[in-house]
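Once you scroll down, you'll see the structures, which are given as structure tokens.
Next, two complexes with subunit A in common: one pairs it with subunit B, the other with subunit C.
Our next item is the complex of A and B:
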């Protein structure tokens, strides 16, 4: 099977272009066009990154662990609620208005409420990010159930399956690819919201590192923090692509092959 | 035996109920190969769904061996036109066939053996571990046929099963159907808009048509068995029957134009 998303499979010219950008960056810094302190050279950024080195893993761990916890919590709630909505029309009719009212609320708007409820610790970050990433899961699970091909349901009836068996053996597996897609989006959302909360309340994590560096005027460190955040995001994305491909292999290229 | 007793179906149109088909009465004796032909939109598929117990008719009833059909029963199995979407994409071909026996009491191993047997019947013994999306349209329809057989149904209801296949695959599957029918005491009811296919396969053709669909004709197909794609279709009797069916279809359409 083709490993389309393996890093080494990326064409060489992609890396060459990144190297070109780095060279351009260095050249711009050396030319003195940009005022001192606004754009550190790549060398300074790397220097800052290494100087921060020993403390960096702790920051990455803080961001990652809270992202993943929020993803688990929000993902499970979202999927559960979405499946419930898809399968039980009564639940949908009862709770739909409340949910549709709550859903458009920007998650960061919940930060003040979170501070009131949880104080400024990890539970706040986790709660806000979980809230944000529950929605893509909710939508994809709900629509995944609704979108199950009616012929499959007819087939289940022809075979003689009851309601519970149809849900267990037909509806859940049929909605599975949509649910995985929702989870994929949700992890990205959880990461983004987690970093935003860290920026607002800079106590711990990569967002906090960037925020404090900016306030202290340490431009090298700021760029290093942004770079590290980007790399962690890239890593998460690749991990997810790999997991999605494995999970959805049996559903065919339509689900497992795409980018 | 399937017995259709004054079966009618309606659908909502402009706030009122318009008839799809009206007062259909006919019997399908055990072991018969019945073809139902009619123009598209005449309610052929709906009729077949009523026989399968998947759709409830507006009035009238369907009896299967004397028992009213109100829900899908294990005796009647439906093969859908769109086999690509009626197979479970996350199951291999063999698993799809095994799944038809989900309600059976046999052991997993026995079910597997049975399923493999039916895969062989439909000529897919070597494709058992393929996923449906790895198979051609014709092969997918073969899996659907194997699944219907595995369900243990005495009656197969086929809804335009070969409509989306190319001519070659279609001819092969027609012959497979005839072989399946010849091999056992199964009853086949096929719905199609293709008159030639209906005549080639069946020993009785029911022609539907008219504004509110009813039976335009009920003809016995007295072509000899075994049938052969070239000789049967070249038989002068085949042409005669063909003309007769087309005349009845035109008659049904003509009344609609009045």
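Our next item is the complex of A and C:
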């Protein structure tokens, strides 16, 4: 998806809008339209956030470390399978139907199976999130290899490169931008699915914090957890955008400029 | 695109199914975790005949449909944001923050505010589907070739005709790509919210069958869910290709760059 980012165009207006929303929220709480305890005011949310402060880094670390492990595992499997499908027609022809059947399976449907196999610990979260984030990597690697300019392949054949050399020096570099874009999507998916698994099985992490707060009826803490999760997600997003732009700078604005 | 059945792929699927059946019958895998495929299929037939599976699935699809319908309200906002740089610079930061939240998380505050039932599920689906639809519609509007708008302006078409006969059809490819992202997300989020606090729906049934160690039923539901996801995605593809017949022809004439 290519999108011109206009965040820097007039940032003040955007932040003024955020402030306006916060003011509106405070006004709604103060007016008493919403029954007591169901919607905390922004002040109560910040209070809860600071009260939770000392324990927050551990939760963020739990979520982020599992997200990254899932991303590494799922990314490697997805890219490997995608490259295999792009390079070896026999593999593609044989397993394509099975993979296309597995792909629409919503990752969270694997949570119960994961509980049976791994119990309720971290391996479960990592396995489910890795399954989810393997697909964008698979698609981008497969299509990246398919989209390699035939001229490059013909040239490689003409100058007598072997199969391994063609893959190493022609196909991999040409498919690189697509693969990086796929990896970027995958990290977002891994984060969202990781938090979702924590919501279903509230053991540790940001999702578990939100889930237990909701069960206990502590609305301030719930919104604080949501705020923290959103900020972590936003940070992850910006970090990734920056990293992909650096990695893909030499491929031109078509790859590095897009969203 | 290849026509006709994919024999090689079917043979591979059959081999996998056969291997599963034999491994389960010979008890090569722990029989409690891996029931034979035939017993899973028997459970599937039984659940379908008894009506439990179709009822739960219908419930989930209803919540998904309601949430997606509500998210369609983002179409006008997306068109407006695509036309007006000023609107996007106002709401941009807010949207960037909200969309980096894992959408399943929003089921929790919705439960506090709206109580347990369908409403929080529908809200979570709405939240999940809104941002892909909003952003892709905006991209679609921005990607309209200026030639279209200039031609319409030269011909002095009325503003309403400009919207319905120029902008909407020209932005339709973008809208469909948003819907393609939103549909699987909506399915996942509906299932997660059923797993967190639902009393019905396919996600709830899935988690319950694992908790009561009804393992064949668990596998049967995973099969149903994968199949449903595949049918939904394929159905959307068919609708898209019938709505956008003009687009594929136009793209092949103009090349990819101007689309």
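Basically, the second predicted complex is superposed on the first by the 249 of 259 C-alpha atoms of A that agree within 3 Å, B and C clash if a C-alpha of one lies under 4 Å from a C-alpha of the other, contacts with A are read in each partner's own complex, and residues count from 1 in each chain.
As a convention for this text, a contact is a pair of C-beta atoms (placed from the backbone, for glycine too) under 8 Å apart; a residue touches a chain by one contact, two chains touch by 3 or more.
Note that the structure is predicted; figures quoted are calculated from it, not measured.
**Q** According to the stated criteria, A:173 is in contact with first (subunit B), second (subunit C), both, or neither; which is it?
**A** It touches subunit B, and subunit C stays clear.
**Q** Can A:152 be said to touch subunit B (first), subunit C (second), both, or neither?
**A** It touches subunit B, and subunit C stays clear.
**Q** Spot which of subunit B and subunit C makes contact with more residues of subunit A, would you?
**A** C
**Q** Touching A:251 in the superposition: subunit B (first), subunit C (second), both, neither?
**A** So A:251 only meets subunit B here.
**Q** So, does A:160 touch the first partner subunit B, the second partner subunit C, both, or neither?
**A** It touches subunit B, and subunit C stays clear.
**Q** Does the superposition put A:55 against subunit B (first), subunit C (second), both, or neither?
**A** It touches nothing on subunit B or subunit C.
**Q** Across the two complexes, what residues of subunit A are contacted by subunit B and by subunit C?
**A** In subunit A, nothing is touched by subunit B and also by subunit C.
**Q** Would you pull the subunit B residues touching subunit A in the complex into a rising list?
**A** Per the touch definition, subunit B meets subunit A at residues 52, 54, 71-72, 74, 77-78, 80, 82, 85-86, 88-90, 99-100, 102-103, 131, 133-134, 151.
**Q** Which subunit C residues qualify as touching subunit A in the complex?
**A** It is residues 6, 8-13, 16, 33, 85-86, 88-94, 96-98, 100-109, 111-113, 135-136, 138-139, 142, 177, 184, 187-189, 191-192, 195-196, 203, 206-207, 209-210, 215, 218-219, 221-222, 225-226, 229-230, 232-233 of subunit C that touch subunit A.
**Q** Show me the residue ranges of subunit A that touch subunit C in the complex, using the header's touch definition.
**A** So the residues of subunit A touching subunit C come out as 1-4, 6-7, 9-11, 13-18, 21, 34, 38-39, 93-98, 100-113, 115-117, 188, 191-193, 195-196, 199-200, 207, 210-211, 213-214, 217, 219, 222-223, 226, 229-231, 233-234, 236-237.
**Q** What part of subunit A is in contact with subunit B in the complex they form?
**A** Checking each residue of subunit A against subunit B gives 149, 151-152, 154-155, 157-161, 165, 169-170, 173-174, 176, 250-254.
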